[in-house]
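The data blocks that follow each hold one structure.
Shared between the two complexes below is chain A, which pairs with chain B and chain C, respectively.
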Partner chain A sequence: MSAADATAVRAVTRTRGRFRVALSVGVALIAAWTVVAALWPALAPYDPEAQDPLARFLAPGGAHLLGTDQFGRDTFSRMLAGARPVLQVAPPATVLGVLLGTAIGLAAGTLGGLVDEIIMRVLDAVAIFPAVIATVLFVALAGRSVTVMVLVIAGAFTPIVARSVRAATLVEREKAYVEAVRLRGGSTVREILPNIGPTVLVEATSRFGDAIFAAATLSFLGLGQPPGSPDWGASVSDNRLWLTVAPWTVLAPALAIASLVVGIALTADALRGRREHA
Partner chain B sequence: MKGFLLRRAATVPLTLLGVSLLVFAATELVPGDVARTILGREASQASVTALREQLGLDRPWIQRYADWLGGFLTGDWGESYTLGVPVHDLVLDRLGHSLLLAGVAFALLAPVAVGLGLWAGVRHDRAADRVISVGGLAFGAVPEFVTGVILLVVFAVKLRWFPSGAQAPEGSGPLIVLWHLALPALSLVLLCTGYVARHVRAGTVASVESPYARAAELRGLTRGQVVRRHVLRNSTVPAASALGVQLQFLLGGLVSVELLFTYPGIGALLLQAAVDKDLPVLQAAALVLGLLYMVIVLGADVAYRLLDPRVRLGAVTS
Partner chain C sequence: MTTLNPYLNSVNMDDPGNAVLTRLPGLSRRVFIGGAALTALLAACGTGTTAQTTPTTEPAKTPKRGGVLKAGSPPPPTKVDPVTMYDGTAIAIVQLVADYLIWLDKDFTLEPRLAEKWETTDGGTTWTFTIRQGVTFSDGTPLDAETVKASFDRLLDPDSKSAALSAFDGVLKAGGVAAPDTHTVTFTLERAFSDFPYLVSAGNYNALILKKDYTGGGDIIGTGPFTLTTYDVSTGAVFTRNPTYWQEGKPYLDGVEIKFYADDQADLLALQSGEIDAQILSRPQLVGPLKGAGDIVVDQVPGTGLTAFTLRTDQPPFDRKENRQAVAYALDRPGVNTTIYDGVGALGNDHLFAALFPAAPTDIPQRAKDPAKVAELLGGQKLSFDLTFDPPSKDLALTLQNQLKQAGIEVQLDQRTSADFYGGDQEKDTPWLFTAANLVGWAGRAVPSQFIIPMVRSDGVWNGSKYANPALDEAAQAYDAATTEEDRRAQAAIIATALHEDVPVIISVWAGTVRAYNGTKFAGVQAHPASYVDFSEVTAL
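Right, the complex of A and B next:
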């Protein structure tokens, strides 16, 4: 091995190491919040709904780790409880959007021709309509519910997933193994699907992060979880009135959202990077 | 190039039709009776029926759609249900505020993101590159209202450097206006920087390692000269398309940023109209925002082609 080769190998090893660190940190953050969402009643020191008029706006420290809000509710307990609503919306929305998008993208990619053309034009038309506006319109008009949130977020993701699945399918379609299946008269979709699996996985991870983003934003706008819910977005919205008096009531849910989405972003980036540098 | 422009221009009326149908259809789905919503539960059935007729709600939808679209095109956008003012003036006034905020954010975003991307690309795989990449990734994942609320706590509440509302008092000078817009603009910039910087970085790395950059260096040009004369030009192409994409996110982010910083923009108006079921305002605001998106997508596409001489001269059709 020449010196240049050795340098190249070291660079690749270093890059892989970096992705491994990012992946571990990301997965750890996601796992931690998932555990909290499942087990918060056992972990929270107080009932997140319990009001205490004598303990309003307590600063962090002492009996209340992250202080209390305008009703004397424990901020730390509410932050833990807030993991559940967001993790009830984002995963089903992601799964639904990825399934629909994969089906459409695969169909467009394998069928080709006029079908492909029509599907892509329709997706283009849908994609040009800004997701936020569509979301505000539909949620405000169709009413506020977990089902509506899941459907709206999944609907916004479908064209994005379909586009990248189609692109991956077009690459695979030209390969010899697909040609062989085609000559044998077998199902090309069944052969292509496992080979675009990594693309779908990366896509799903990115969309999961976006789903948390969307769910939190909807609740912040008052279009998701109802006010008073310990949901992170709703808490930031409720507590921003008391920003100057009790900034911790806003910071705790805000930093909770940030840590979860950053964890997902690190994971998605590491998965993508590992594929590109493999 | 000319053919491309014509083809793209031809899609504009079609998209307008599609967007307007979508907006109209969405507002048609409003559950419950609009007249009942406006008058309240106590109103008599007779007055509800009278209001339905007055608002034209008793006519078939296709007729109302044609009237609405015709009115929109001729500048008659109707009157707000809740505020009782002409929708045209209200929406355009709010749009002006939003464009100012978005403009300030974009003026900050473009040089900062392109600069960071160039820096990361030239110093790729060094510490600066890693900080910029991971930082951009993290801020790009966090919702703008979260970044905004953290900025508020630090710079408006603790340090008191900036005001917490984005709207400057009536008659303030441009500097005061900018000072009020700084925090909301910054939360939008932080959202969009990472994506643009990543694309500029990728373009920069490719052109720094290209044969022409190496040749220029061998001819005796310094690193700075190579970057200025050869790399920068080639990084602007990915920058233009990335900025176009992010401009759409920036506009989308207006809704929550305007709410957070109590700014009278079109995003906040859209949200309020949706909550109040103020249909004329909701329809007009959604359609105007939809058109704005369309113009941006089109503009980014054209800019991208103008910047790349290979595409401009028709050597490559991409």
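Right, the complex of A and C next:
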């Protein structure tokens, strides 16, 4: 092995090592918050809804690890409990958006021609409609619930996923193995789907991070969870008025959102990098 | 006036912190270390709750002439017109340049301003006001009785869109004001009304005395301590001292600037940074944590604003009186006061007489949290209901839900938009008048009748509880017509006792008001029960 080859091997090894670390950290963060979402009643030191007028705006430390808010509620317990509403919305919204987007993108890419043209123009029309206005309208019509949040976020993701899947499908469609399947009269979709799997996976992880933000944003705008929910977005919204006197009430949920999104981003980047290097 | 509140001054910031370790047996090391790091970060950001201090709001002993007070306030939502205005900023702007016949002091006593004196000679149906002589508007026009008459004729004109029409409804109508000579104005009422001076005082904030040729909007010229120099709808207003102000030697300030801030947080930050010296409309919850910290002084006074927890008495579950009483006994009122009003309010006793009202009964025992009584009243039955409200009442709704849950009463929160909550048909389905239980914010009133007649009289236009009690109706009528203090107190006792016993509305706390300002730069800035402004005695330090 020449020196250049050895250098190249070391570079690849280093890169793979970085991906492995990123993937480990990302998965650990996601797993940690998933466990918290499932088991917060056992982990939280206080009832996240319980108010204590004697303990308003206590700074972090003492009996309250992350302080208390304007109702005297324990910020740490609310941060833990807030994982559940977010993770009740983001994963199903991501799955639904990715499934719909994949189906539409695959259909447009494989069928081509007029069908492709119509589907893409419809998706263009959907994509240019301002998401916030669409959301407000939808929530106003359908009411506020977890189901509505899931549908709204999935609806926003579908055109994005469909575009990526269509692009990947168009690349695969021109390959010899697809041509062979077509000549023998087989299902091209069945052949293409496994080969665009990595694209769908990367798309899903990227959208998952966006879904966390979207769920938090809807709650921040008062379009998501019911009043008093420990949801992170709602907590940031409710407490922002006290940012100068009790910053911990905003920082705790904000950092929780950030940590989960960072975990998802690390996972997505690692998966994308491994695929590109494969 | 001081509100007794066991929750004040009781927060101990020095609690031992190690107990948290024993409270978190399920935490993994990683989560705990992360939490500890976060704690350290957050602790570095925080100042925590500080002990409350007594604000110093008295004017300086030797007033200093000069200086400009900069005050922050939200931009007015509509045109600043004394006749149609209803928001706090517009009211403040106009109160700096115009005056009332009578000022409503912060303890609800009436202070003569443009009226030197007033009296009734026939038991409260005809009122005669003597107008102060020698007063001129800032442009030199003299004040006379005809000017005062024109001001009230304008307010009583059904076509004027006057915001004061509802206050005068059933008491005084167009044509009821006369000016028999240059310094006397008479009001002939539709019925005897012993509290009438309050309706022509600042308590009815539109009742400002304006020039005869005032036609709405534009230049506002008054007899007040300042003159309006510039007004910009997006940035604010600038005022300079009125050199012809009738109170000799006042105001002490050279001028006032009101700057507009679109949100409360920006207003508060401006105060903290020194960009402004005072707030016009401080929120107790926001400025409460600043008490005693740095240069900020927070003055506070009790008020007459309230959020009525209305219970429909004509349908389940609140057609059963015991259920209404159970809810009332389940509430921790000092807790509501501390959590929602930062302890500034005064405890309510489920009747509509705030302690500020002169005839308020004092012998009805204060209702307090009593879990045993709740259990007895419910008689083993489970109580569960929907509570409907709009966003301004969200925090109170959460607190009530939390407190009632502790008493075993289940509350489902039904938050609507304000447009939805106050929308619909007022005769049959608007949520604020037709839901089983709801929270309705009522701005402070100068006289209790302004609550009693619309809210709980059987024919009240805003009777959301559908309460009907002929004895109360009769007493409400008699209260307004009472000619002696003794008679008025007797009628007030009948009304208050009926409301306290029947609980069509729960008044857990009477909202107090606060005003925050920089105590190292100015003295004499005071809170007012209705957030009114009188900066004529403010002095720079």
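Here are some notes:
As a working rule, the second predicted complex is superposed on the first by the 274 of 278 C-alpha atoms of A that agree within 3 Å, B and C clash if a C-alpha of one lies under 4 Å from a C-alpha of the other, contacts with A are read in each partner's own complex, and residues count from 1 in each chain.
Assume a contact is a pair of C-beta atoms (placed from the backbone, for glycine too) under 8 Å apart; a residue touches a chain by one contact, two chains touch by 3 or more.
Predicted model only: the values in this text are computed from it and were never measured.
Legend: residue contacts after superposition of the two complexes on their common chain; A:243 is shown touching both chain B and chain C. Look at A:96: by the touch rule set out above, it reaches neither chain B nor chain C. Of the two partner chains placed around the shared chain by superposition, chain C is the only one that A:53 touches, whereas chain B remains out of contact.
Contact with chain B, but none with chain C, is seen for A:264 once the two complexes are overlaid on the shared chain.
By the touch criterion defined above, A:213 reaches chain B but does not reach chain C. By the touch criterion defined above, A:251 lies against chain B and chain C together after alignment on the C-alpha atoms of chain A. Once the two complexes are overlaid on the shared chain, A:152 sits clear of chain B and of chain C alike.
Residue contacts after overlaying the shared chain place A:162 against neither chain B nor chain C. Across the two superposed structures, the residue set of chain A contacted by chain B and also by chain C is 222, 240, 243-244, 247, 251, 255.
Within the complex, the chain A residues that touch chain B are 11, 15, 18, 22, 125, 128-134, 136-143, 209, 213, 216-217, 220-223, 233, 236, 240, 243-244, 247, 250-251, 254-255, 257-258, 261-262, 264-266, 269. Within the complex, the chain C residues that touch chain A are 7, 10-11, 13-17, 19-20, 23-24, 26-27, 30-31, 35-36, 38-39, 41-43, 45-49, 264-265, 268-269, 272, 285-286, 289-290, 332, 334-335, 338-339, 391, 394-395, 397-399, 401-403, 413, 415. Residue ranges of chain A in contact with chain C, taken from their complex: 32, 36, 39, 42-43, 45, 49-51, 53-67, 70-72, 76, 222, 226-228, 240-248, 251-252, 255. Taken in their complex, chain B has these residues touching chain A: 15, 18-19, 22-23, 26-27, 29-31, 125, 130, 134, 137-138, 140-143, 145-146, 149-150, 152-153, 157-158, 164, 248, 251-253, 255-256, 259-260, 270-271, 274-275, 277, 282, 286, 289-290, 293-294, 297.
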